């Protein structure tokens, strides 16, 4: 059963990223996602970038046809929403490092806010191709997080991979947990930085999704289904899934390299 | 959905009447009935003669094939039960006259008990063909009701119709309500006795039943369905149903004389 | 307040909610009661040539609040007894549709003729009862038979003839096309789905007849698929039936192509007051969606028939439909 | 503790609960996971000759917790990619049944041959998907076609062949008899019911494909009727599927004639842990009813097959069955 929502607000976050806000009552937690149906077009999984209260939001990066189409949606337009689905970040640790690349910040921002609201200390290593693409940079600062940015083109902050910032921080500072979301090669590097140190790492993953109910097997990932066992996985779980960072399944279920 | 119950107890109340007791959790009120399914045989509506607690009961008089078959059921046998269905007696009046003929006492006895438990004064005019067929006579006495009996053959009490006892009482004593159950000719006479006096009368009726859900129309009775609007009807309602005491519908829905 | 009135098979209905055959439909006073409760029209119990007691009890089994199995076995008082019931029903003022069943075309025609003489507004042919031997699906599963029955009936009466189609078939649209060729004024779909319930503690089917028919909310998606396919296949009006319990259910049927709908099992679960609630809620829903008249919404979900957004709809609604 | 083991179509199953095709059945690790969770055997997603992406999303719609509509469109990685998945599944130790679909008999035979070579214990032919054009019901609605497809496949393999029958038909027993004539080792029934859901606010079908198939608790009574009718019509084992969510549901199917059952949609609502729960509860239920072995209950609700009460049953149980 889908709920039809009318988009209330559209915010251009970066040149390639748009947030859509809409009224949606179902309770949700940071880490969870919804299925967003663009009538007449596809339906895609999207992390909730705003989870609290009745006005939820998703933040969409242009990838292909449907995400482009979603970006053209504006106030007054209708979307079909179901969910939220999936698991959530455990908000109990106190000193939290976030490592976000690209649209990965979409799922990390509400998690960071929730952690701050509980009195947690939040540090954010935020990466993007260039300065203008740094997602939710203000939002992280506004919540009182320590933010350090990295850009591929050096237009701002560290010139290079965000994982280099993360690696330095993990080595220097004592964190109780690391949360990361972004390309899987990036997340593999974060895991590598944390390896041998006792800090637990949780990664938010993306896989092709159809049912989001843990039934159709589209999002099969090793012994897991990303839609119900994830999208947040522990480093330990990821060692049991050899596909991590290497393979995903396409719409037909074929295992293809990432 | 039927609940399958195992009969716990069988009591021969009179030569032609048997009570079956069985565990059945659903809450019920005096006046209501259940559908009793004899596996491999028919399913019939039966008033609850015991309504309280988890051990319910029905009291069955031999009429035709199925009621005879029900009487052969004993402890350990299985029945399918659904319900309770229908409306209930309003237990608030204080001085209550009960007029029961034949198996009519089955539905009146639990109503009388409930009224006594609330401190009501209960008088019972109880009729039968002969002394041995007087149903729940002890039960009425045991609850502290005033009981007067009538038998067709004069083997005990008033020799004649129970309605004659009822008529005398209604004329003499001030009752707040009259409840009656038995053949419709009998109940018509009770209504006639009460007519012109201000005492309200409620009759418990029987009609052919199939669904007991107010859907199939088998129990259509004037503008009512006996299964959902009844089986207890007020004198006032009965004046709107010209079939009362005159017609019922057979299994095909034909209106045939009673 | 949106206008719920519809024109269907030559009948003018104040609202699209018809009492489905077999529910509250045996006695004239019950039919009249359904009208008083707000039904836009009523369909009688299916009437045959002779009185029939139907199958022994148990004749029904509920499946939670989601479905109902029945094997009534087409009990009915027979056409000889039926004039007095119809006379009472007619006094309530809404269209009364006479439902009939028979084992062959001649039988249907004879019953239709006699039913028509009673002053009903239309006839519904029960070609679709899944559990009555010699009737229903047994005569309504082959397009050829459906066409012949409908044609024979249509020749014997001037009233609009509605063919009630079974869902227990590979191709409901083929049956509807056959009815259209035969001259039907409308088709209604669906009757119940062939179904069974077993009581494991008693190790036997619950219904005395064994097999029965499933109705209620469980079958709504199946009824919608049939109506959708039939709407694409024929030009005559379609009447939707199966599992309607809310205004939204009804509007799904209308958007799938139904001009009117029938309500049955919901009465068992929600009482006859369901008619009043359905009309009230449907009005509100149409207002919300920007429809001034229910008829504008007929078939609205079919891209193939070029249906557009209601004239009055705002941006959101238009974007939803593009 | 009652013995849940069954012998079905030449396969020995530790319990009667098979993973239904299309649920957790695309990847080898998921199939293995279902075995670990307690499935008596697993059936793969229906595999075709080529990789197929299936229909675009939305591909599913829930209907409260009572049903599920899907129009996946038979997505599958194709038989070329499938050996590695089957290899992983086989390691879990329970029978793996390979499901295949094709547009004609030769296509089925070729896929069956290739699937058989992977070491599966049996084959299930999907003759019954209600929404994939050119496949499923389109090839499985005529007894003649079913017989030809089954016969051609049976000739090309030594494995037991299970024909999966559609409920979207007038006469499921005729399809089952055709499969038996063709040499099927068993029939399974049912696949989903042709169904539709419309979103009235968006004025369009919810599923991208429009029509889909209904599964889940809503269809149990329909599946039971099909299994009942098929059991009366054939001598080969019947595998029941459709809406099983409790041990009592499963036992209804068994008493209607099923030797084994498949579980699909319940996994969406209750998770894969449903297998462990079903076995545990079924054991308890059989104990309560006095059955020492599940196999004694097969067909127990059919008077025609002379089924009797379990030897161990007490008075009440015997009286219930008389």
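By written order: A, B, C and D. Residues from 1 in each chain.
As a working rule, a residue touches a chain if its C-beta (ideal position, glycine included) is under 8 Å from a C-beta of that chain, and two chains touch if they have at least 3 such contacts.
Just so we're clear, the structure is a prediction, and the values are computed from it rather than from any experiment.
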Smallest count of steps, each to a touching chain, taking chain B to chain C: 1
Farthest-lying chain, centroid of Cα atoms versus that of chain D: B
Distance from the mean Cα position of chain D to that of chain C, given in whole angstrom: 32
For chain A paired with chain C, centre-to-centre distance based on mean C-alpha positions, whole Å: 50
Whole-Å gap between the CA centroids of chain A and chain D: 38
Shared-contact residues (touching 2 or more other chains) in chain C: 63-64, 201-202, 204, 317, 320-321
Residues of chain B whose C-beta touches two or more other chains: 4, 39-40, 78
Residues of chain C that touch chain B when the two form their complex: 22-27, 29-30, 32-33, 45, 51-54, 56-64, 70, 72, 75-78, 81, 199, 201-202, 204, 206, 208, 264-265, 267-269, 271-272
Interface residues, chain D side, partner chain C - complex: 63-64, 66-67, 69, 137, 141, 166, 168-170, 193-198, 200-205, 210-211, 214, 217-222, 224-226, 228-229, 248, 251-252, 255-256, 285, 289, 297, 300-301, 303, 307, 309, 317, 320-321
Chain A to chain D touching residues, read off their complex: 1-2, 4, 35, 37, 39-40, 42-44, 78, 80, 82, 210-211, 213-218, 220, 222-223, 225, 228, 249-255
